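Two complexes are shown next, each including chain A; its partner changes from chain B in the first to chain C in the second.
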Partner chain A sequence: MRILLVDDSKTMRSIQKSVLAQIGHTEIEEACDGQDALSKVGAFQPELMLVDWNMPNMDGITFVKHIRQTDKTTPIIMVTTESEKTRVIEAIKAGVNNYVVKPFTPDALSQRINETLNKKAA
Partner chain B sequence: MDAQYITPFIQSIQNVFTTMLQVPVTINAPTIKTDRTASYDVSGIIGMSGDVVGSVVLSFPKVTAQKLVASFCGMDLPADSPDFADAIGELVNMVSGCAKGMFVDKDVSISCPSVVIGADHSINVRSDTPCISIPCSTDHGDLAIEIAIKESASAENANPKSQAA
Partner chain C sequence: MPTSDENAVHVRISADRLQAIVEVEPGTAREFVTDEVILAIALSQSIQQSSELNRLIARAVKAYDPDSTEPFEAVIAEGTPPEMGRHGEFNLEPDLQQIYEQIQARESEEGEPEEPENDQTEPQDHHERTMLMIVKPGQQLGTITPPTDGVDGVDVSGKTIASKPGKPPIEEFDPESIEHRDDHTVVARIGGQLLIQQGKIRINPTLEIKGTVDFSTGNIHFPGNIEIREGVRDCFVVESGESITVVGLVEAATLKAGKDIVLKRGMAARDKGLAEAGRDLNAHYLDNVSGNAGRNLLIEKELTNSSITVGEKTIAPSATIVGGELICAGACEVGQIGTEAGAHTVIALGRIDSVESLIKEALELIPTLNERAAKATEQLEQVKSSSSVLSAKQAEIVTELQYKAMEAQAKIKPLKRALTLANTVITERAEPRLVVQSMLCQGAEIRACGRRATVTTTIKGPVCIALTDSGEFQLTDLNTNSVLAMDQFATIDDDPTAFDRRTLDAELKIAA
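This part shows the complex of A and B:
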């Protein structure tokens, strides 16, 4: 499965890559902000996207709104420090399918990924 | 500074370090910091805007920062590598983001992190905002979280009761 990781922190992308590898996902493309991700979506055709909120150039919520103008179905999980209820509601309204708050344990992240993919497959 | 803005940072640093680094943190007595010189060699800095404005700094001795980054990333990184600064930035981002989520009824945004490395560097904070330094101890060494934030004028006007709190 092709998975796009969008986070301005290389450290965080590496941690997420390692969690994804543990649950058998190795076909991964990385982007360092929303603009970079938009430029990679067409060629990579991700089947799942993990997106940070606070990033330079284009933040995650703006990226999600852009994507949802043309793609209503590819699952998106927001992985962010933004834990306020208002932010979660804003993200869901923008088209996010699931939400993971940093800091997270590897188990919590893999559980949300599996949950999101199972819902998509159902 | 109101304790409602200090307690979240204490809970947050313990949560972030335990969850992401598996490093427990002991919190020591906070002090008011008047010196602009950074407490230690490595500073991760985040700005806050919205209902609460100011800055938050995680300050580490270089040796401690390297040990903590090794726990975070699963590998040793030299302090002059971009990946080391990235890891420090992500730590202060998580600590600040997690803390602001605990502010009650406040709409606050955080900036992307900045990282400064070098002995005796200075960090300018708003002159109208006191800075509270919270010393922390870990098995990897000591560090400090320095909080210089206050309610913005618009937030105070919207909720006059908070001025007396």
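This part shows the complex of A and C:
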């Protein structure tokens, strides 16, 4: 499964990458902000996206809105420090399928990923 | 003077009946050389009538010159020769063909093989220039071009001239070892030496070298058994997936066998030779050899200045071990160890170095990982306690530290499982027991389970050295079955080369 990781922190991307590897996903592309991600989506055709909220150039919520204009189905998990209820509602309205608040444990992230993929498969 | 004889015009048919030629004597009058006359003569000789016959006759008549003094000839009919069928052919793959040609060239030469001259522009190892056609199962050996039927011809009378079909290839393939497939490829059913003798082609799963392994054979890498009637020269390599038997002397060569190595005469390796057997290493003598036996070491006469690791037992009741180091996991029975002159000879008992080195590495790694996990946890607590609400940056740091702690702990678990397994292997397989039939000489060093006995006074055999339950040496006189005090004959101390079993025990207790 092709998975796109969008986060301006290389460390976060590498943690997410190894969590994904532990649950058997190795076909992964990385982007450092929303703009970079938009430029990679066409060629990579991700089947799941993990997106941070606060990033330079283009933030995660703007990226999600752009994507949802043309792609309504690819699951998106927002992985962010934004934990307020209003923010979560805003993200869901923009088209996010699941939400992980930082700090997260590897187990919590892999659980959310599995949840999201199972929901899509159903 | 022109002749008026009608008989001056003839039609001759060639011996192969593929041409009819009109012949006219010189000076024959033109009225006797007409289309009708020649056609009539041709038909009288059963030449098949056709428009082509008419055309060629007309051309001949036109070309005829009654004033010429030379006899006139012209072809007026042609048949079609038959095309004979091509014989079938077997063509070896180019790499095998190259070796086959070298073998044939070598067989036509005589004398001692010499090292080939080095091409200065392209350095290469001539030891690797094999002179044997060694194939693997499933390897394509070559292709067969099948024979063709040929095409019939027709003579000037219109009769068929039969063609001959080509013959199949002369080569005969051994069906047990070689498969001839429908697509005309020829493939090895088994691995071994490809032999081509008088048109018969087969694969011998055993490689027999009638002479010596040298530049006439090159290095040998063979999947099956290898039998060498003479010896193996310096610097050559013999590798077998099964067993190697050498009747003659092995010099400073490299021998590697998946199963056994049997050296009927012995190996004089001058510190450069290597003998590695997956199962038994069996030799009359070994001198200056490095090597290992996955199962047993069997020595008839002498093991000198060699460094050998043995997976199970050493069986050498009549042999003398002088100099070097013998590391043996299982029981060890030898004739004599060392010399009265005090040659330093080391016998390490109950040791499985491959497993022990892994244990050593694991034992070093576990504290490092523990430390890493503890450090990450400590930092985690510090960040969490510094403020009740985490900033975005702190949240990311916490995520990272949680991940580091979890990763380190996750790595410790399989290491501890591996340690338990390694301990089981050592406990089950290690048998630190040494029987010396004749003499255990001063200067010899016996190591077992972390203890070392350096013999200071020569002990006469037969004696047995084993370890007590508390891990101390016990010396038994096998003639009287009486237990002797080991420290009367040897200095006893800790073996600095062995890993500390107490550390392993402690780790295993934690793991449990």
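Simple rule for what comes next: the second predicted complex is superposed on the first by the 122 of 122 C-alpha atoms of A that agree within 3 Å, B and C clash if a C-alpha of one lies under 4 Å from a C-alpha of the other, contacts with A are read in each partner's own complex, and residues count from 1 in each chain.
We take it that contacts are C-beta pairs under 8 Å (C-beta built on N, C-alpha and C of every residue); 3 or more make two chains touch, one makes a residue touch a chain.
In this text, all values refer to a predicted model and were calculated from it rather than measured experimentally.
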Does the superposition put A:Lys40 against chain B (first), chain C (second), both, or neither? neither
Applying the touch criterion given at the start, work out whether A:His66 contacts chain B, chain C, both or neither, answering first, second, both or neither. neither
First (chain B), second (chain C), both or neither: which does A:Ser9 touch? both
Name the contact category of A:Lys102: first (chain B only), second (chain C only), both, or neither. both
Residues of chain A touched, compared between chain B and chain C (which is higher): B
Between chain B and chain C, whom does A:Met55 touch in the aligned arrangement: first, second, both, or neither? first
Just to be sure I read the superposition right, which of the two partners does A:Lys17 touch: chain B = first, chain C = second, or both, or neither? neither
Counting contacts the way the document defines them, which residues of chain A are shared by the two interfaces, the one with chain B and the one with chain C? 9, 11-12, 15, 18, 54, 81, 101-105
Residue numbers on chain A that touch chain B, as the complex places them: 8-12, 14-15, 18, 54-56, 80-84, 86, 101-105
In the complex formed with chain C, which residues of chain A make contact? 9, 11-12, 15, 18, 54, 81, 101-107
Can you tell me which positions in chain B touch chain A when the two form their complex? 15-16, 19-20, 72-74, 82-83, 86-87, 89-90, 93-94, 96-98, 100-101, 107, 110-112
Chain C - residues contacting chain A, complex: 390-392, 395-400, 402-403, 406-407
